[in-house]
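By letter and in written order, the chains are A, B, C and D; residue numbering begins at 1 in each of them.
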Amino acid sequence: MPHSHDPLVIAGREYRSRLLVGTGKYKDLQETRAAIEASGAEIVTVAIRRTNLGQNPDEPNLLDVISPERYTILPNTAGCYSAEDAVRTCRLARELGGWELVKLEVIGDPKTLFPDMVETFKAAEVLIKDGFQVMVYATDDPVACKHFEEMGCVAVMPLAAPIGSGLGIRNPYNLKLILEQARVPILVDAGVGTASDVAIALELGCDGVLLNTAIAAARDPVLMARAMRLGVEAGRAAFLAGRMPKKLYATASSPLDGTFF
Amino acid sequence: MPHSHDPLVIAGREYRSRLLVGTGKYKDLQETRAAIEASGAEIVTVAIRRTNLGQNPDEPNLLDVISPERYTILPNTAGCYSAEDAVRTCRLARELGGWELVKLEVIGDPKTLFPDMVETFKAAEVLIKDGFQVMVYATDDPVACKHFEEMGCVAVMPLAAPIGSGLGIRNPYNLKLILEQARVPILVDAGVGTASDVAIALELGCDGVLLNTAIAAARDPVLMARAMRLGVEAGRAAFLAGRMPKKLYATASSPLDGTFF
Amino acid sequence: MPHSHDPLVIAGREYRSRLLVGTGKYKDLQETRAAIEASGAEIVTVAIRRTNLGQNPDEPNLLDVISPERYTILPNTAGCYSAEDAVRTCRLARELGGWELVKLEVIGDPKTLFPDMVETFKAAEVLIKDGFQVMVYATDDPVACKHFEEMGCVAVMPLAAPIGSGLGIRNPYNLKLILEQARVPILVDAGVGTASDVAIALELGCDGVLLNTAIAAARDPVLMARAMRLGVEAGRAAFLAGRMPKKLYATASSPLDGTFF
Amino acid sequence: MPHSHDPLVIAGREYRSRLLVGTGKYKDLQETRAAIEASGAEIVTVAIRRTNLGQNPDEPNLLDVISPERYTILPNTAGCYSAEDAVRTCRLARELGGWELVKLEVIGDPKTLFPDMVETFKAAEVLIKDGFQVMVYATDDPVACKHFEEMGCVAVMPLAAPIGSGLGIRNPYNLKLILEQARVPILVDAGVGTASDVAIALELGCDGVLLNTAIAAARDPVLMARAMRLGVEAGRAAFLAGRMPKKLYATASSPLDGTFF
């Protein structure tokens, strides 16, 4: 099959799965492990400030269930509200586990959890100079996303909708603009709610999706993890297969020209 | 896994796959076979008026590549513009292959290929009396769909959008209304364009999807067939897993109440 | 101004306003009158079975506030669940006030208030033979709408969404198909929720909009009536003015071809 | 009527109209004048770098048709790609006409004309210190919009869609988030295509809309200007009137909870 080798490449490393997952909001570590396994993810993002990766020897260690030998651990800066905090958190991660591939997020608003783009730019600059490989959480702003790429971020991750909202891709037009000019992987990060949302992201041409709540807050997280895995595979296959054009009806002489909806 | 046995049941028979496919518009029978195989479909619908199932011994016979032993052949009445024509076509199918499970469509308009509901009601009535098991192509009208169920149709198949349009599900609200009151399988028939469309149909609670052009008119039909298979599986798993509620943002105290969008 | 004379013509009579309104659900007749006046409507539809037009001399008579000299009274068959009932109700209206222009609705489902199309066809046939001028409430089914026109209905009124739902136009594609082939006025009836909904209907090319709940159930019905009047005028003017094409961005060489959204 | 006095207040000054218009892309100054008059706008934005306001005494002067006595002239920095350029342009405007109320836009991409938010922040800071009253063109990013307000901008103007695209409001959710926390006027700037788009913006609670291409590129710009005026009035009235809740159908016991669409 021509598409059997279709890896996601981030910072020079190949991944078979295009689904990246978080570890928050699960009932217990057992469920965390089962859901992540069902998702097929190879990259697992971990909130350094909220997760015990060995800092506290008396509590359960996430790495006991999400083995760094099996998964690429992606430390993230969730909970940081300034460039300074985010940079400090990434350095802590490097000390703790030697991780240099990080997910940068600098939150600008505790309610919507939208990023603060100015602080994110500052942090990205420092981190890249400091040798980190930065995957950056951003608004779906084509100019900002291009800037992050030009600064040297290894992946840019625009939000689909507010973190934890489950609203799905609110503005596919912006994603389209971002994708048209991107030369690094573009991953949708945040806002996804169900399997068709991730399929749509991949069909638009996104390189992958990062999510957490949509799995952890489903009634059956393990089954939803499997749904997400299938959704990513479905969307990627559809993207590669090249969908039929949209028409108002089959015998219309031209594709829908978008003049009405 | 609790959901390993989750069959689609039509007219008392169980199917593992929730994707039904047609056989039209392929390059050749070879491609037809490969695409259908990749789709995982177990039910294959065939336009009796346009397809050689042995009527013409000098031309390639579809049944040589789509074996009735492996697939459930579902004769359909594509091209029929009156109840009379549709009934005659079904009877021809029964004579030809003994088929009693049929897909009824009575077209009302050669341009949009929308059904003529009045003629479809007439045909359904005759066919059911005559012992056929009728799966019926309909508009997405909750009242009409309920009537078809009450008449004894074994499945009701509202359109998502015009046949061959690839527009996807244009009116999920109507599907929701249809599904709320249905006691027979509801399958989306017509208008699907890509994998996320089928995922959405299944997430809404539809029992399955029937499609043809979306696979046959893709750039790579076999790969799109696989995408559709994955899309159906993704959507079904997400439906069973129970998605998270939608909120305007994660910390919103209540789910989105729909007062704006 | 070239568009100063742009009347809505129904059954040979010209109207300046393209907004038709109902009389239900108001606090009292005073509010009914004020809202209808603010709406600018010239055609007011009245549920014969629920409204006192003089049948009961001891109760307030709607015609005292909605004068037949000023408004075209359009009796409707709300609450009828069969062709027989609807026909009887129209005949009652003719006896009561001499009205021959009627709005036919035959409800198929007390929950969604969707029409029963089979019964509606039957009633339309009888009423047209009987000399009535029939404006018909229908699903947004292009084939059915065309049939109503061919039978001799003077206007066809597809629903935008379920009566009283306020959901707005759920399927502009179907309206587009209906409008492409229509030779009688097409009015959106039911489901409108706010002023932009009516603007959209007119921009699509609909000849008018009929609504009731969207005004009566607003917090300030009289102000909402004014909003609806402005929305109709805005949408009609935009339709006649010919909107700019949609593009992904200003300098895109071609209009949006609809291949993604 | 309770809403007869409902002014838009910007920088302490009251305006009756909530529609702001540009002057670009018209056939000639005659059409510019007629369209702007039909729009009812009281604030007219002018691209200082592209428009003759007297710099060139040998060419037609825009101010001869758009009189500063009748209209508030709002100089804008269209065509500026850096904070420095934008600041210089505003200072030029002040020298030229004494204008201190300015529309700041710093473009980040000549294709999409999206703003460069980092440069826009820099320019806003300098301009505010320098005594300008800044209305700022921004992405629909709630965090950035709040920052502009906190810096002292007198109005924040998030884009609905790319400038000149005519796509309408692509992300009402972001506007909702921006509006929830705003204390200065929020005006939609850019991307509007037709009258219903402006009605939607006002219904969401936006304080006004700024547009240009949607009028100038319509087939009949003067009529479209009138449509836009009506659309703004319709949307504002509907917002103040308080729309009915959305339900799946009239008799549903609760408003739509957004769990499906």
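Keep this in mind: a contact is a pair of C-beta atoms (placed from the backbone, for glycine too) under 8 Å apart; a residue touches a chain by one contact, two chains touch by 3 or more.
The structure presented is a predicted model; accordingly, all values stated were derived computationally and were not measured.
The chains that touch both chain A and chain D are B, C. Counting every residue number used by either copy at the chain A-chain B contact, over half are found in both chains.
In terms of their C-alpha centroids, the spacing between chain A and chain C amounts to 47 Å. Mean C-alpha position of chain C lies 34 Å from that of chain D. Annotation for chain B: residues touching 2 or more other chains are 112, 162, 167, 173, 177, 243, 245-246, 248-249, 256. Across the complex, chain B meets chain D through its residues 172-173, 176-177, 204, 243, 245-246, 248-249, 255-261. Those residues of chain D that touch chain A in the complex are listed here as 108-109, 112, 114-118, 121, 139, 141-144, 146-147, 161-162, 167, 170-171, 173-174, 177.
Chain contact summary for the complex, chain B toward chain A: residues 1-3, 110-113, 162-167, 193-196, 199-200, 203, 213-214, 217-221, 223-224, 226-231, 233-235, 237-238, 240-252, 256.
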